[in-house]
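Data block below; observations after.
Going by the order they are written in, the chains are A, B and C; count residues from 1 in each one.
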Amino acid sequence: MVSLLRNQKVHNALLQVLYVGSIAAMVLAGIVIARRNLADQGITSGFDFLFKSTGWDVNFSLLPATANDPYWWYFLIGIINTLFLGSVGLILATIVGTIVGLARTSSNDLARLLGRTYVDIFRNIPLILQVFFWYAIITHLPTPRSAHEAWGFLLTSRGLYIPFPNVGSAAFAAATVAVIAAIVLPAWLGRTSRLAQPIGQRHTIQFAAAAAALACSAIILALGRLPDTPLLDFPALQGLNLRGGLRIPPEFATLAIAIAIYGGSYIAEIVRGGFKSVGTGQVEAALSLGLSPWRVFTLVRLPLALRAMLPILANQYVWLMKATTMGIAVGLTDFFMIVALTINHSGQTLEAIGILMAGFLAINLSLAAVFNRINKAIALKGNQLRG
Amino acid sequence: MEMVLVAPPAPGRLEDLKRRFFATPLQAVVSLACLTIMVFLVWKLLNWAVFSAVFTTSGGPEACQAAAGACWSVIAARWRIIFFGLYPYEEQWRSALACVAVVVMTVLSCIPAFWTGRRIALVWGAGTGLFYVLMKGGVLGLAHVGEEAWGGLALTLFIFVTTCLIGFPLAICLALLRRSELPWISRTTGLIIDGVRSLPLISILFTFAVVLPFALPQWLQGDKLYRVILGSALFFSAYQAEIVRGGMQGVATGQEEAAMALGMRYWQRISRILLPQAMRNAMPATINQFVISFKETSLVVIVGFFEILASGNAAYGTGEWRFAYVEVYAFIAFIYFIFVFSLSRYGAFLERRMSVSER
Amino acid sequence: MISTNSTGEPALRIENLDKYYGTFHALRGINLSVKRGEKIVVCGPSGSGKSTMIRCINRLEQHNGGRIVVLGTELNDDVGNIDEIRREVGMVFQHFNLFPHMTVLENCVISSMIVRKQPRAQAEATARRYLEKVRIPEQALKYPSQLSGGQQQRVAIARALCMQPQIMLFDEPTSALDPEMVSEVLDVMVTLASEGMTMICVTHEMGFARRVADRVLFMDGGEILEEAPPDEFFTSSATSAPDNSCRRCWAIDWKQRSECVTPHAFRHLHD
């Protein structure tokens, strides 16, 4: 017996069984205890509750939602809210980050100083504090009656009102797709394998594609306009309330702003790192070929920097998606808050936690998959430029 | 002639300025735009925060609200709640002293002379012990103050320090388990690490605070504060484990082989050969992780703790100071900034120093 | 020169040793017996399994078939044995593998202190004695990165000796060194040999092999193709592996060159 225990193979097998077994036992014990405790409170476990109506409301949803809707619909709403808030935050943060990051790599001392100050301030203050701050600011904005107005935008404590096309939701969705196509199409066409034409013609084709897609979206908007309304609907005061335009709820605006500013400070550092990684040799080579500084930037520095940045950016985007859970601090019904509310109202604790984990796993994995695709697509072929 | 070659005439101030900021028309535009933004922001900020600000409590909230600038008197009136939360008034010096102990401990652990396993453990053990005794009392003639009365900066620091204290050894264990040669151990650990990393911290804190009590027998439930700390430590350790593992991958395999050949046992190899080198490699990333985790302690406000952010909300939320939210948040942001900025500067310094010595 | 101590069990006995890396058969039926005090030199082309064999002896690699008996203890799956064996078998690596975070002295005392549980004073005295022996006592308080390659390798030898092993294994100790540093390491090894240490050296330094070795082994393709005392090994041009002509060429080539060129010229043959 003793000699058997001293045998390395037996030893290793035993260790593994012990380790995996004890972890599995702990998880199982937790589940068993939790089920018993929940059963004592009259909650039957299982996923039947998904089809019961919730009986409570969400304050933000892109899909129609009423208190009669079942739980599974609410979870879907939560996921879509999270993805939507995440994407808006991601786009805004990327814009902010690119501007600040470019300022930080600029040859101008003042621009660099400005960029650095921005990063130092906003990176070093917790996101949740920034969320609270912006929420306090927005909710202390004037009431609709005395709202600030600028270029058709209205800033009020009820939310931000922006001009919005007077179109049906289907037409709006189609137009959005067309706009996205206007961005994606030229990039897709730009890949050398797809077009054999020389660079100049290729650019013309890319421009044409983008213009066509944009024109498409304009036509869709014009056709889909609600009858007898102006194309753009401006928000305006009517009685005590604001009518018209699109209302962005304060909670959503808060989170979008906070994520854009905080995430922007991180992305700025990534952008700076990307540009720093482009060797001066390549830039000098391009300059010595007689390319103009702008051409050097778009043809050499930007593409190389993008490739260096993308893997880190992917991590940052995953992080941004998770940051949407701050919604609960101001009461925005993102995926996590819906799960928390579900636990509160229905008591289906284990199931809801399971759904939460599965949801975030799915979001993370699909983001990772998308970025892997992009990464592969734009990776330098061969290794001539590495090292 | 010689003289000119040795010391060419220095370009005039004006020329230098011109070269740096107005070399091309584009440069000039950028410079002017930046200058305008900067002057505008600095002026606005100074005007608000200093020139038209009210610093004294003498006029009370009303006079303060009327002022055009910041109302710093809210801080003068409410700083105790921000720093100490609901800690008993007469005992607040203890809370202050405890915070000082943590700061001293942090500064000490930034000094390379303390970077041996034993010394760092000693510093952190002593620092945390001192903090705990000071805060909790019940011994040495100090009155007992339960955890439910802790708050403000002291609670923030407590959560941070205990998170690191539990999370760090846990991270090392996870990293070692993940690089184990035994496939099932490394796979299971990898699953745990990746699983935790894919979840947002808030959901983990929520699970530990609210859901875990269902899944634990009565005698294991413990205080909510400690459960949340455990959750936060788990989250910290999942990230830190990958950092430590990265550091371990930077250690040549020959090192462990040499240690084996000398007859060292597993733990001797790990503690004397592998970890010292791995931790050195991982130092900059580790400090970065500390910075992130310090910022993230603020999330416990969501599961209902009275840490510095919550006490800030309370500081302006009641009664006559309702209008002074910007000042309170600015003050708390400033406190966070001091801690986080100095720590991250230190991390950057360390990284530079290491990349120089690595040649 | 030959200082065999033929009493009792040999220091090392290898019987029918087989080793696989996955499906790759790295060692094929190796047989070897080394008496106490005997010096073996192992040579052969790169990838022939020299390192693998020597690493099996202190179980840095686990063998898949056959027996290895070191100092009377068989290496098997028994977890308790292995650390005891490793204490008695010192090893010197091609790339030194000194611990970079410790001074030279600490490198030498650490294992005596934590493995043999010696008090620091005693361990330091031993370490200083061996540092003296490898002729770098004055470098004791420096860090490895502050030493030259030759000095580092001598520290590595001293470090292994501090455990007072009964067998020393050398895996190409001079092939990572600049030519002018090779001799300082070889000198130390020659001294060690003359003191009666049991040594197994993988090396291509023929001068060393001629001077020190009791037997020279020639390996290729995971097999020992030839095994002879150095005089015989270097004079006979026929190998005992008649089947594979290519292998024979290498061996003959190796031997012939060894007669006309300086040993350092063979550095390109190592991996």
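Everything that follows uses one rule, which is that a residue touches a chain if its C-beta (ideal position, glycine included) is under 8 Å from a C-beta of that chain, and two chains touch if they have at least 3 such contacts.
Keep in mind it's a predicted model, so treat the numbers as computed, not measured.
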- Dominant interface by contact count, named by its two chains: A-B
- Would you mind checking which chain's mean C-alpha position lies nearest the centre of all protein C-alpha atoms? B
- Item | Chain whose Cα centroid lies at the greatest distance from that of subunit B | C
- Taking each chain's centre as the mean of its CA atoms, how far is subunit B from subunit C in angstrom? 51
- Note on the structure: Cα centre of subunit A to Cα centre of subunit B, whole Å, reads 25
- Rounded Å distance, subunit A centre to subunit C centre (Cα mean): 59
- What residues on subunit A touch subunit B, complex-wise? 12, 15-16, 19-20, 23, 30-31, 33-34, 37-38, 106-111, 113-114, 120-121, 123-129, 132-133, 136-137, 140, 322-323, 325-326, 328-329, 336, 339-340, 343, 349, 353, 356-357, 360-361, 364
- Item | Contact set on subunit B toward subunit C in their complex | 252, 254-255, 257-265, 268, 272-273, 276-277, 280
- Residue positions on subunit C within touch of subunit B in the complex are 58, 60, 83-84, 86-87, 89-91, 93, 95, 97-101, 110-111, 114-115, 156, 159-160, 163
- Note on the structure: Per the touch rule above, subunit B residues touching subunit A in the complex are 20-21, 27, 30-31, 34-35, 37-38, 177, 182-185, 188, 192, 195, 198-203, 206-207, 210-211, 214-217, 295-296, 298-299, 301-302, 309, 313, 325-326, 329, 332-333, 336-337, 340-341, 344
- Message: Taking the touch rule as given, give the residues of subunit A at its contact with subunit C in the complex, in rising order.
- Response: 3, 6-11
